[in-house]
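Should a chain be cited, it is by its letter among A, B and C, assigned in written order, with residues numbered from 1 in that chain.
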Amino acid sequence: MTTGTTEAGMPADTVHLDADEQGGPGRAERLSALAQQHGALVTLLLAMVVASLSFDTFLTGDNLENMALSSAFLAVVALGMTFVIVTGGIDLSVGSLFALGGVLAAWGSQYGTAVALLLPLAVCGLIGLVNGLLIARSGLAPFIVTLAAMLGARGILLAVTDEGSRTYLVDKDSFFATLGQGSLLGIGVPVWITVALFVLGAVVLRRSRFGQYVYAVGGNEDAAALMGAPVARTKIAVYTLSGLYAGLAGALNAAWLVSGVTILGSGMELEAISAVVIGGTLLTGGFGFVSGSLVGVLLLKVIQNVINQIGSLDSAYQQVVSGAFLAVVVVAQTWLGHRRRML
Amino acid sequence: MLSVTGVSKIFPGVRALSDVDFTARAGQVHALVGENGAGKSTLIKVLTGVHPPDAGEVRHDGRPVRFTTPLQAQQAGISTIYQEVNLVPLMSVARNLFLGREPRGRLGLIDFRRMRREADEALRALGIRVDVRRPLRELGVGAQQMVALARAVAVDARVVVMDEPTSSLEPREVHTLFEVIRLLRDRGVAVVYVSHRMDELYEICDAVTVLRDGRVVHTGPLAGLDRLRLVSLMLGRDIGEVRGEGLTKFTGSHHAAAEPVLNAEGLTVRHQLHEVSLSIRPGEVVGLGGLLGSGRSETARAVAGALPTDAGRVSVGGVPVRGGSPPAAIRAGISLLPEDRKAEGIVPGLSVRENIALAALPALSRFGLVDDARIDRIVDTFVRRLRIKTAGPHQKVGELSGGNQQKVLLARWLAVHPKVLLLDEPTRGIDVGAKAEVQALIDELAEDGLAVLLISSDTEELIEGSDRVVVLKDGRVVDELTGDAVTEDALLRAVAAVPAGGRDD
Amino acid sequence: MTELAVARGALDRGRLLRLAQQYGVYAGVAALLLFNFAFTPHFASAENFRTQAVQVAPVLIVALGMALAIGTEGVDLSVGSVMALATSLLSLYLGYGPWVAALVAVVGGVLVGLANGALVAFVGVQPIVATLALMVAARGLALVLLPQLKDVRDPGMSALGSGDVLGVPYLVLIAAALALLVAFVVRRSTFGRQLLAIGDSRPAARLAGLPVRRVLIVVYVCSGALAAVAGVLATARLTASDPTSLGTLMELSAITAVVVGGTPLSGGRVRIGGTVAGAVLIQLLTTTLVKHDLPPSWTQMAQAVVIVAAVYAARERGKR
C-alpha cells in the first residue's frame, strides 16, 4: 500500500525548514519534530528491508496482499481514532463497535447491500454520537465514557446474536460480499476503500476548516474557544466519526469474511491507539496526521507478519513488541513535550 | 469607543467593582493600573464579555451592549491579548492567524497559498518577519504575542485590550510591541493597556485610570501626573501623610541576632529574577517591597525551592540548600506560605487536622503509621494558639473562611519547626479580625527567634511589620530600607524611582 | 470565594447529591438484596452467598488497587493483563511449590506496577497512556510465557481455590483481609494521608514537601501486586491458567466498582467501604439479571449504564 498517496494530502508547511530568525532552540526542536513525524516511516522501511532479506516469503505478492488486506480494517479504525486523539481524547469503544458493525452488516446483508452498509453505520454512528455528547456537553472523562460504550456495544452485539451463539452469514454472491472479497487491478477492494478513506481523511484534517478546529481543540481548548472554534461541536463530531469508521471497518470485515463473527475486535482499540501514537500523533492532542497512523498500522502488521514467519515464536510476541514500542514512543513524546514547555 | 458607566460586580463576599466609569477612546492608549485585587482584571472581564456586570452599562460605539461570551465581544470588535498567549502553540502561525476564517477555494478547501500570503502580509504590516508556516511555539514569546496582536487586528478590532503584554518579553520585543501599539493608535484603534511597569506606562500611554479596591480613584491624561503621585494613588498612601503607629497589630522592631540564618545570593530566573540577594537574621522580619510583578513572589518561591533557578545559592545557617526541591528546602528549615492559598496551599478535601499535620507527617508517625495521639495534641495546640475557628478538627479545610485557612497553613508550617518562614501575602483576602491576629502572630514568631520574610501589597502592613525592607523592581533589588528609613514615604519613592537611579521629585 | 457561595446556594441539591454519592451504593446493594430475597428462588441460601462471595473476591481485590490509583487522580488499565501475567508465572513456577510460584507471580505484578509508576512519576506520562502500554505488553508477555490454557494440578492451589474455614472460603477471607489492610493503610498510614493530599491538590502537596514521586510509584506497585494476587486466586479457583481470557475487562469492572462506590475520578478521596460495596453491587446486579433469565448482554448494557450514571453523579464534585 502506498503511503505516498496520503502524504500528498499533507501540505508541506510542517516539514519545511528555513532560516531561523529566533535561533537557538529552533533547530533541535525541529529535528525532534522530524523524528516524530517520520520516525515510524523510517522504522517501517527498515523493518520491511530486514524482513525481505531474512525471509524469501516476505516480499511475495501473496504475502503483501495478505498484509494489506489485514491492515485495511485496522487502518480504517485507526483513522477515526486519529481524529479523536488529535482533539486530545481517546475512544476505547472502537473494538466493540467494529464487532457490532460486522454482525449488523452480516445480518443486514440479507436485505441488500444498502442495509448491510447503512445499518452498522447508523448504529455505530449513533453510539459515537452519544459518546460525544456525554464527553462534550456533560464534561465526562472520555476514557470512562467510551469504556462504558465498549461494554454497552458488546452487550448489544450479544443481544442481536442470541448471546453470541448465532453467526449471520453473508451470501457469497451478493454485491456486498464483493466489497470485501473482490479485487480491482489485483488489489483487494477493502484496500482501495481504505486508501480512499485515508486520502479523504487527510484532506479533511489538513485542508478543511473542521480539521483546523480539530487541531485547535486538541492544542489548546480554552484558546480555541476564545478564538471562536465550536469546541463542543468539534468533539461530538470526532467521536461520531470514530464510531462511523469503526462500524464501516466492521462491515467491510464482515464482507471479507462473509460472516458476522462475534468474537472479533477485542483489543482492537489498543491496536488502533498504538498505531496512531506510533505514527507520531501526540496523545495529548493538537498534533498528528493520518498518514502517520497508516504507517503505524503497517508497522504493527509487518511486525506481526515477521513474528509469524519466524514460526517458532508465538504471535504473542507481537503484543510485547507493540506494547514496548508504544511505551518507548510515549516516553519520547513526553520528553519532547517537557522540553517544549521549558522553552 | 468603548465605555462603561456605573459598573458594579459582586462576587460572593467581595465587591470587586463598585460604580466604575471607564472610557477607552479611539486613537488613544489608555493605561489601567492598580494593585492586586484593585479590580483591574474584573473590569477587563466585564469589558470583554467574560463576566456580565451586576449593575451599570457597557456601551460600544455609543450603543449599550451586553456580551455574554468573549466570542460575542470579539465579533463586536473587542479583542483581548492576554498575559499568557492564548493561541494554539502546535499549529502554524498562519493557521493560528486565520483559525475559523480561513480563505477557502474550490470544494470549500482551505487555500493555503492565499492564507500564507495574507498572513505574511498581515505580519509584515506590523513590522514582524517570521515564517508563517512554522508552528507557533517555535517562535519567541514576543513573536507569539505579535501574532496574537496581528490576529486581533486582522479581525478588525476597534478596541484592543492588553493584559500585561510585556511581562515575559525581552527589551527588544517590548520595543517592537510598542511600535505596533503606536501603529494601532494611529489607525484609530482604542487600546486599553494594563501593566505595572511605570517606565512602560509613561512611554506608551496617553491616559490613565487608577483602580483601588474596586473603585476608580483617578482618571485623566498621563502626562503631567508624576510617578510618585501615580504610585501613591495606586497604593492608596499619600506622601508625607502622618500616620500614627498601631493601626496594625505589629509592635515594631525586634531584637535580631547578629548572624543571618538565611542567605540567598544571586538568585536568577530567566525573565523573572536577576541576581537577587538577601539575608535574614533570626528574629528579624524582612519585608519585600515593590509593585506587582516586581519579582517578590518569585524570590520567595526560588528560596523555597519551588521555582527552579538558573543561578544563585541559598544557605540556611551556613549549610547550602539544594535548589529546586521543596522537600530539601523544608528539611533545611525553610517554609513557604504560598500566595495562592487555594490552589497551592490548602488541600481542600482533607480535614483541618490532616492539613495541619501534612508537612510534619514523617515526624508524627512511627513505622509508617500515623501517631494519632501526637497529631491530636499538636493540632489541638495550634488550633488554640492560633485561634482557628472550626466546627472541629475533622472539618474540611475547603469549608473554612479564608483567614482560618491561612491559620491552618501557618500551623502546618509551625508544626515542622522552621528556621525561616516565607510569608507571601499572608493577610490577603482575609477579614479584618483574622488579619490582626495573623499580624500579631508574625510578630510573636519573630520574637521567638524565627527569621521571617514578609511579602505584602498592603504598604502599611509591610512597613509596620518589617524591620528592614528590600525593594524589588523588575526582578532586581533596587533599594534597601533600614532603621529609621523604613517608612511608607521612602518605600513609595524607592518604588517610583526612575531606572537611571535618579529620583523623580 | 465563589466556591463558598456555590456551596451555599446549591446546599439542598448539593446535600442530596452528596448523600446519593456517599450512600447510594449501599442503598443499591440493599435494594438488590431485598428484591432478590423477595423474588428470586433459592437466593437466600448459604451456598448461594458463598458462590457470590467467591465470584466477587478477585474483582474486589483488583478494585482495591484501582481505588488507590484513582485516589491520586490516576487510573491503572493494566490490572487485567497483570492477572494474566500472574497466572502464567504461577503455572510456570508451580514446580517449585505453590508458595514460590505465588510469590513469583506477585513479583511479576510488582514489576509491572514499578514500570507504570516510573512512567507516571518520573517521565510524567498520563496514567491512562502509561498503563495502556503496560496493558498491551503484559498480556503479550503472559501469552509468550504460557501460550494456551493449562490445567493447574496442585493440591495446595486447589485447596486455596475451594477450601474454607468454618464455611467461609479462603478466597473471601483473603479478599476481606486485604480490604481491611488497604482501608487501614488509607486511614492510618503516612502514605495514605500523602496519597490523598497528592490526589486532592498536587501543587499544594508538592509545596508541602511531600514525596510525590515516591507515593505515586508505591501506588502503582500496590495496584500491580493486588492485581497479581487476584490473578493467583482466580487461577486457584478455576484450577487452570488461561492467560488469553483471564482478567479481560477486569480494569473496567474494577473502575466501575470504585466509581460506583463513590470515589471520584478527580482524586483526593478513597472510599474502600464504598469500593467493596460497589464490587458487590455489580456482582448482585449480574446475578439478579442472570437468575431472572436475562441474558449476559443485558448485564453488560446495565453495567455500562451504571458506570455512566455513577460518573455523571460524581461530576459536580469533580468540577469543584
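Everything below uses one rule, namely that a residue touches a chain if its C-beta (ideal position, glycine included) is under 8 Å from a C-beta of that chain, and two chains touch if they have at least 3 such contacts.
The shown structure was predicted, so the numbers you read here are calculated from the model rather than taken from an experiment.
The chain pair B-C and the chain pair A-C differ in C-beta contact count, and the higher one is A-C. Farthest from chain A, judged by the mean position of CA atoms in each chain, is B.
With centres defined as mean CA coordinates, chain C is found 44 Å away from chain B.
Chain A and chain C have Cα centroids lying 30 Å from one another.
The residues of chain B lying in touch with chain C in their complex are 11-14, 304, 306, 326-327, 329-331, 336, 338, 343-350, 354, 357-359, 361-362, 365, 368-370, 372, 398-399, 402, 412, 429. Put simply, chain A touches chain B in their complex at residues 11, 13-14, 16, 18-19, 21-22, 25-26, 29-30, 33, 203, 207-209, 212-213, 215-216, 219-220, 222-229, 282, 286-287, 340, 343. Looking at the complex, you find that chain B touches chain A at residues 70-71, 74-75, 80, 86-92, 94-95, 99-100, 102, 104, 108-110, 112, 116, 129-131, 133, 135, 137-140, 143, 151. Per the touch definition, chain C reaches chain A in the complex via residues 75, 115, 119, 123-126, 128-130, 132-144, 147, 248-249, 252, 255, 259, 265, 295-305, 307-308, 311-312, 315, 319. Contacts from chain A toward chain C in the complex involve residues 90, 134, 138-141, 143-145, 147-152, 154-159, 163, 266-267, 270, 273-274, 277, 283-284, 314, 316-324, 326-327, 330-331, 334-335, 338.
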